[in-house]
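By written order: A, B, C and D. Residues from 1 in each chain.
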Amino acid sequence: MTGQTKRVVVAMAALALTASSLAVWADEDADLVVNGEIEMVVRTDAPAHLDGAVRTIYSGWVFRQDDTQAMQMDDFDNPGMLFAEQGQELFNTAMGANGESCASCHTNAEDLTRVRATYPKWDEAHGAVQTVEMQVQECQTESMGMAEAWGQNSQEMLNMTAYIASIGRGQVIDVAIDGPAQATWDAGKEIYYTRYGQLELSCANCHEQNYGNYIRADHLSQGQINGFPTYRLKNARLNGTHNRFRGCIRDTRGETFAIGSDEFIALELYVASRGNGLTVEGPSVRN
Amino acid sequence: MTRQLILATLLGVSASVAHAEVVSPTAVVANEYGEISTSLTGVAGDPVRGAEVMTSRSLGNCIACHQVTALEEFPFHGEVGPSLDGAGARWDEAAMRGIVVNAKAIFPESVMPSFYKVDGFTRPGDAFTGKAAPGALDPLLTAQDIEDVVAYLLTLTD
Amino acid sequence: MAENVTPRVRAPREASVGEVVSVRTLISHPMESGMRRDGDGNVIPRSIINRFVCTFNGEVVVDVTMEPSIATNPYFQFEAKVMESGTFNFTWYDDDGSVYEDSSDITVS
Amino acid sequence: MSLTRREFVGTSLTSAAAFAALPSLSFAATADEAIAAYYRRRGHIGCRDHLDRARNCRERLNTVQIEVSAPGAEEIIMFAAGNPNPNVATFKFGPMSGSQAATTRIRLASEQDVVAIAKMPDGSFLKAVSNVKVTIGGCGG
C-alpha cells in the first residue's frame, strides 16, 4: 500500500457520513415485528371477495425502503407514537359538560383492541356505516355533552385514532361487508374502479394493476389502509385515511370528495375490506 | 376565391391564420384504429423540444410511467407503461400521434392519460387543486407539444 | 409557542464498568423553520429547539447546537461511556425560552 | 401481478461519501468557505462515483436520517448545502461521550449534498460529502 492510499484510508476511517436513504432499498420479503413482540401480517392471501383481482395482499410497509421500514419496527423510532401517546392523554382527559373522559366509560382501554380491526362498521342505531372517527364524535356529542365534536381531520382526532389503532396493533383486520353494510360496500367498490379527473385514473389503475411498479420515483403500494393514521416522512405529521384519499383524487386532476363524506366513508369500508387478513399497524411510518 | 373572402371566412372561426391551422381537441379526426394522420398544427414537430416535454414534470412527464434509455440523464423513470425504446420503429407517425392524443382509442384499458382531450371526464378538477374545474378545460398538452413529442418518439428507433 | 412538547429518552438501566451504551432521544416539536409562509403569504416565525445537551453525572456527553434544518420531532442517537452508576440528564432549549428536561438512571456494576 | 425484485437489490449503497482533509482552515470562520471550496473542487472528488449509487435512492422524503462519525473529533458540524439555511447542527462531544458519532433526522428541501466537517484535536479538519437524492414524485402531490 502506498503512503498516499494509506492516508486516504485513515481519513475514511476518521469521518464517515451516511444518509440512511442512500443505504437502503425496499426489502419486499421482510417481515414486520414491532418492538420485537407484535407480529404483523404484511402479506397474505387476498380475501375471497376480491374475486382474484389480486392474489396476495400486502401492507404498504412492504413497499417502503429499509430505513422507513425500520422506523416502524421500534416505537421509539416511530414518531407516530408521540401522537398516539398524546391521544392516550386525551383518552384520559375529561371533556364536555358531563366532566367525563373516554376512560370514564371505557375503563379498560384494552376492550377497544378490536375497534380498529373491525371499522368502518354498520351502526344499527344510526342506520349507517360508521368510521372510528364518527364513533368518537358520537361519544363526544351524545354521551360526553360536548357541544361540538372534534373535526374528523383535527390533530386531536388524529391523535385519538392513532391511540385507538396502537392498542389494536397486530390484530387481524376483519371488516364486515355483508348484511346492512353491503350497499355501502358496493358504493365504495364503484368509486374504487371509477376513473376520476382529467388524468382518468381509478384507485385500481395504480394500486391494483400497478402495485410494485414505480410512477416516477413513487413506489406504488396496494393502497392498503391498515397502517392509518400514518406518520409520513414527507410532511412529518399524522395523516388520516380520508385526507389520503383526497390527495389521490387531487392527483388525478380531479375534484375530490370531502373528508367525512358519504363517498369517502363507502370507499374507506371497501378499501379496508381489501385488507381483511392484514394486521392493524397504525400509527405506521410511510414516505 | 379572393383573398378578402378567405380572410372573412377565417375571422368567423379564429382571430389569426396561424391559429386557424391548429386542430382543436374536439375536431381531431382519427381513423377506426385511433390513428391520426394529419398534423395537429401543420408545423413540423421539434424532437429536442419534444424531449423536454417528455421529461418535464409540469408538461408531459412521460418518463413518470415509461423508461427511455435515451433520456437516461433525467432520473427516475417509471414502470407503469412499456419502455419506449424502439417505439419509433414499432409505430408510424399516425399511430404515434393517435396514442399521444388519446391512447384509450387504441388501447381501451390503458392507464395512460389522454393528452389532447377536453371533455368526457368524471369529476374533472382545476389542475391539482382538488377543486372542481371552473370552466372549460385545456388539454394536458398543446397541439404543438403533441407534435414535438411525436417527432421525438419517432427518433427512438433502437 | 410550541404545544404538546413531549421529550422521550431511551437509555439502558444497567451496564458494566467502562461500557459504551447507546442513548436515543426524541422530542415532539414542530421545528418551524422560519422559511415557510402561511395561507396569507406571511412568514411563519421561526420556532425551533436550538440546543440539546446530554450530561452524565454533570459532565457533558454531547452538546448539540440545532438549526432549522433539523427535522420536525428532533431525534438523536449517540453513545456514552459509563464508568460508574449515575444519572443521564437531558435538556432541550426552545427558541421561546422553554426548557424541557428528562433524566434516566443507570446502575453500573 | 407479482412483486418484482430489482437489479439493485442487495447492492450495498452505504456511505456515499467523499473525503478530503482541510488542514489549514480555522474552523468557526470557514465553514461556508469550506463548502465553497468543496464546490470548487467537486470535479475531482468522486462525484461520478456516487451519482450512480445515488440514483438508486428513490423514496420521496422530506425527512432523512443521517449518521455522522469521526473518531477522536472534538466537534462535527453538518450542513445541508441546498437548504435555504444550510446550517443543520454542531455536535460537541464531551468527556463522557462513548464515541464521536451521532445520528439525527434532517429535512432536505431538494436533492443536495450533505456536508460534514470534523474538527480534530490536532487542529486539522476532515470533510465528508454525501449526495442525497430527494426524489421526484410521480403524481402531482
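Following the convention adopted for this analysis, a contact is a pair of C-beta atoms (placed from the backbone, for glycine too) under 8 Å apart; a residue touches a chain by one contact, two chains touch by 3 or more.
In this text, all values refer to a predicted model and were calculated from it rather than measured experimentally.
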Statement: Interface with most residue-pair contacts lies between A-D
Task: Find the chain most remote from subunit A, comparing centres computed as mean CA coordinates.
output: B
Message: Taking the mean of the C-alpha atoms as each chain's centre, how many Å separate subunit C from subunit D?
response: 21
- prompt: Any idea how many Å lie between the Cα centroids of subunit B and subunit C?
  reply: 54
- prompt: CA centre of subunit A versus CA centre of subunit B: separation in Å?
  reply: 37
Message: Based only on mean CA positions, could you tell me how far subunit A sits from subunit C in angstrom?
response: 28
Statement: Multi-chain touching residues of subunit B, meaning two or more other chains, are 57, 64-65, 75-76, 78, 127-128
Residues of subunit D touching at least two other chains: 58, 62-65, 107, 133, 135-136, 138-141
Query: Which parts of subunit A, given as residue numbers and ranges, touch two or more other chains?
result: 209-210, 214-217, 236, 250-251, 253
Statement: The answer for subunit A against subunit B in the complex is residues 194-201, 205-206, 209-210, 213-217, 220, 246, 249-256
Task: Can you check the complex and tell me which residues of subunit B touch subunit A?
output: 57, 61, 63-65, 75-80, 104, 111, 113-114, 121-133, 137, 140
Field: Sites on subunit C touched by subunit A in the complex
entry: 4, 6, 8, 10, 24, 26, 28, 71-73, 75
Task: Would you mind writing out the residues of subunit C in touch with subunit D in their complex?
output: 20-21, 31, 33, 35, 55-57, 59-82
Message: Give the list of subunit A residues in touch with subunit C in this complex.
response: 76-77, 79, 82-83, 85-86, 236-237
